[in-house]
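Quick one: the structure is below, questions incoming.
By letter and in written order, the chains are A, B and C; residue numbering begins at 1 in each of them.
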Amino acid sequence: MREGALIEARGLTKLYGGHVGCTDVSFEIFPGEVLAIVGESGSGKSTLLSVLSTEMEPTAGSVSYRMRDGSVESLFDLDEARRRVLMRTDWGFIRQDARQGLRMRVSAGGNVGERLMAIGERHYGRIRATAEDWLSRVEIDVGRIDDRPTTFSGGMRQRLQIARNLVTHPRLVLMDEPTSGLDVSVQARLLDLIRGLVAELGLAVVIVTHDLAVARLLSHRIMVMRQGRVIETGLTDQVLDDPREPYTQLLVSSVLAA
Amino acid sequence: MTDPLVSLETVSKTFTLHLREGTRLEVVADVSFDVHPGECVVLGGPSGAGKSSLLKMIYGNYRCDAGAIRVRDADGGVVDVARAAPREVMRLRRTTMGYVSQFLRVIPRVGARDVVAAEGREGGLEPDAADARARELLALLNLPERLWELPPATFSGGEQQRVNIARGLIAPRSVLLLDEPTASLDAANRAVVIELIRQKREAGCALLGIFHDADVRDAVATRVVDVTRFRARPAA
Amino acid sequence: MSAAVATTSTSDSTPAALETGYNFAYLDDQTKRMIRRAILKGIAIPGYQVPFASREMPMPYGWGTGGVQVTASVIGPSDVLKVIDQGSDDTTNAVSIRKFFARTAGVATTTRTRAATVIQTRHRIPEEPLAEGQVLVYQVPIPEPLRFLEPRETETRTLHALAEYGLMHVKLYEDIARHGHIAKTYAYPVEVAGRYVMDPSPTPKFDNPKMEMSPALQLFGAGREQRIYAVPPYTRVRSLDFEDHPFTVQRFAEPCALCAGTGVYLDEVILDDRGGRMFVCSDSDHCEERRAAGHRGTMLADGTVDGETTDA
């Protein structure tokens, strides 16, 4: 793995029977870098994210990750216990559907506190103080700390998901279409919040989106996927302003102002 | 003479429009010139000659098909933007190379002063210094103080442009690419920008710009490079 | 099980006649072996829920089918059986199960905690400290302590396997957030032998400390959910809590109205429609023994009260 890289994927391939999920995807991400994966539905971007999050094992290829102690581990060679510890401490996963990323029957405070309790925090007062701090950082009224996410708007639920994930100060956050399905004004606020937190905390992010404007606003680099393959990659503004591949040109020309 | 901060060598660029039956648009070909510290090189030539494209290629915003674009960073290392990995270009933009256009990409909900200061911090200023310099620049550019804490989204075009200039000039970067930064500014503010550019030159920056306005051009240019002399001949 | 002094039943005055045509204690021997294997595994891995092939029993689910199968698999002809339901020996459920074993196994039954070798219980642990050689069999409705937070069985099994118990504390956190204290008063989760988190069945949390380092063997059977788990004698059983909200048991302001007992779990009994009520021992055998020993509560029919009598 390259010096200083946080995560490196090599030749990731996922086949579903004869059907291709993604083929031969390679990339590396350094601390503080935001990589956007764009493409239409069926392009393989969600498959790639599922593999990266270790929810699915790849058919071929490997993912290396630099642990907090500096050692490099192959993600799919880690035993499940260590993998899960990694996922809930050093990684975050913001899902498109907040209902999958939150515990809907648990209060906002409990949602934020869960990771803390999972790593052994046993002081209620401290858990609550940390939850309050994070709620305010994601601009949720601290007075809502005991309310369940079922009573929250879509934008609030996404912000709660972010707080729930960031509370353990992860170094890598995966995001799956975090703003889709939200009103435009709500989207803008959420993107702005994510942008600020990513910069402030120096997070490395892999964000899957079909929305080029989201990629433009959040990411440093971009990977364009089509039919399971990466067809173009580079600096975000370069790929969006000077797209080379026919498909990328089509994507860029299909939006009003990305 | 000192080593150039920016050096272009036989740089060429062609757009291929796949959605237009693969039409090829040759933008520039065989461009070679240098920009040294303390220089303000102005690109000349009619619109459509490829001036903006050249600036964007140096900044890494457009790809370069052939040739080399060498930029010397603060540590004296030379990066060929035409071939550099995205991460290298990002580093160069952060530490060495600034780009000022007349259009502000609006960030919702962030106040004008912080839009400017954030760029200063990104370019290596300490938070307090960035904030102080942001105030200084906004004052110099005559942006009413009551607007400083407001997000520029609601500002007039001219006000947004001045925020953008402050943002583009705040960081202590040694290479500045200026794409018509003064277009549609009034005379007083044009004079401020001319003075700021002069200060950058004196500080040893290499500036490369496009200025439509002859007054400004004459005031800032140390040299004019006529882009038409690189212009590609139409394909036979 | 070790033979104890078989006392004649005090509540069932005539021992039931042994039914013919059934195997000893109803279950066939292969089934008992299967269940005993599950029990042994449970004892070997304290607090771990062992799946077992629960049989149809001649009683509906919810009436102790899991406990009955465990009891049937461990009981021997010389054992003495006590059955309690919420502390009481004489509710329908307790009487039925006691009769079931009297008729299918011919074992002696008792209501005396001290005299029993096997005690099947629904939702209480007797007040009388248990001794070595005694077996306490709990009837368990829902064995999975994580169930209400995580509906997926595959996930809860993984959580147990990896000892990921943060979720359990989320539940307790929610309690404090909502009520200002941990409001869970029964089925209060415990950590067994420093490893597995276990649901002690819906016993009041008052009884949790009795599980800690108990000399008796504690077996748990969930018939409908097909799980058996165990706490071997002298095992650490710690109730989960927070540093700043430590585990506490219920305290009662008044002593038992019948036997004047304190430090025991009391049931509230409504006396009339005008708010009249009394608190009496939930453990009926304990209460009776105390009264037999001369202790008198305020509401006992003869009117004398502990403290007023000269022998107190």
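In this text, contacts are C-beta pairs under 8 Å (C-beta built on N, C-alpha and C of every residue); 3 or more make two chains touch, one makes a residue touch a chain.
These numbers come from a predicted model, not from an experiment.
Taken as a contact graph, with one node per protein chain and an edge wherever two chains touch, the assembly forms an open path, each chain linked only to its neighbours along a line.
In this assembly, C is the chain whose CA centroid lies farthest from the centroid of chain B. Once CA atoms are averaged chain by chain and compared with the all-protein CA average, the nearest chain turns out to be A. Chain A and chain B have Cα centroids separated by 32 Å. Work out the mean CA point of chain B and of chain C, and you get 79 Å between them.
Chain A and chain C, compared by their mean Cα positions, are separated by 48 Å. Per the touch definition, chain C reaches chain A in the complex via residues 149, 158, 162, 164, 166-167, 169-170, 173-174, 176-178, 241-245. For chain B in complex with chain A, the touching residues are 15-19, 56, 60-63, 86-87, 89-90, 107-110.
Residues 30, 33, 188-189, 192, 195, 220-221, 234-235, 237-238, 241-242, 244-246, 249-250, 253 of chain A are the ones touching chain B in the complex.
Here chain A touches chain C in the complex through residues 80-81, 84, 103, 105-107, 109-110, 113-119, 122-125, 127-128, 145-146, going by the rule given at the top.
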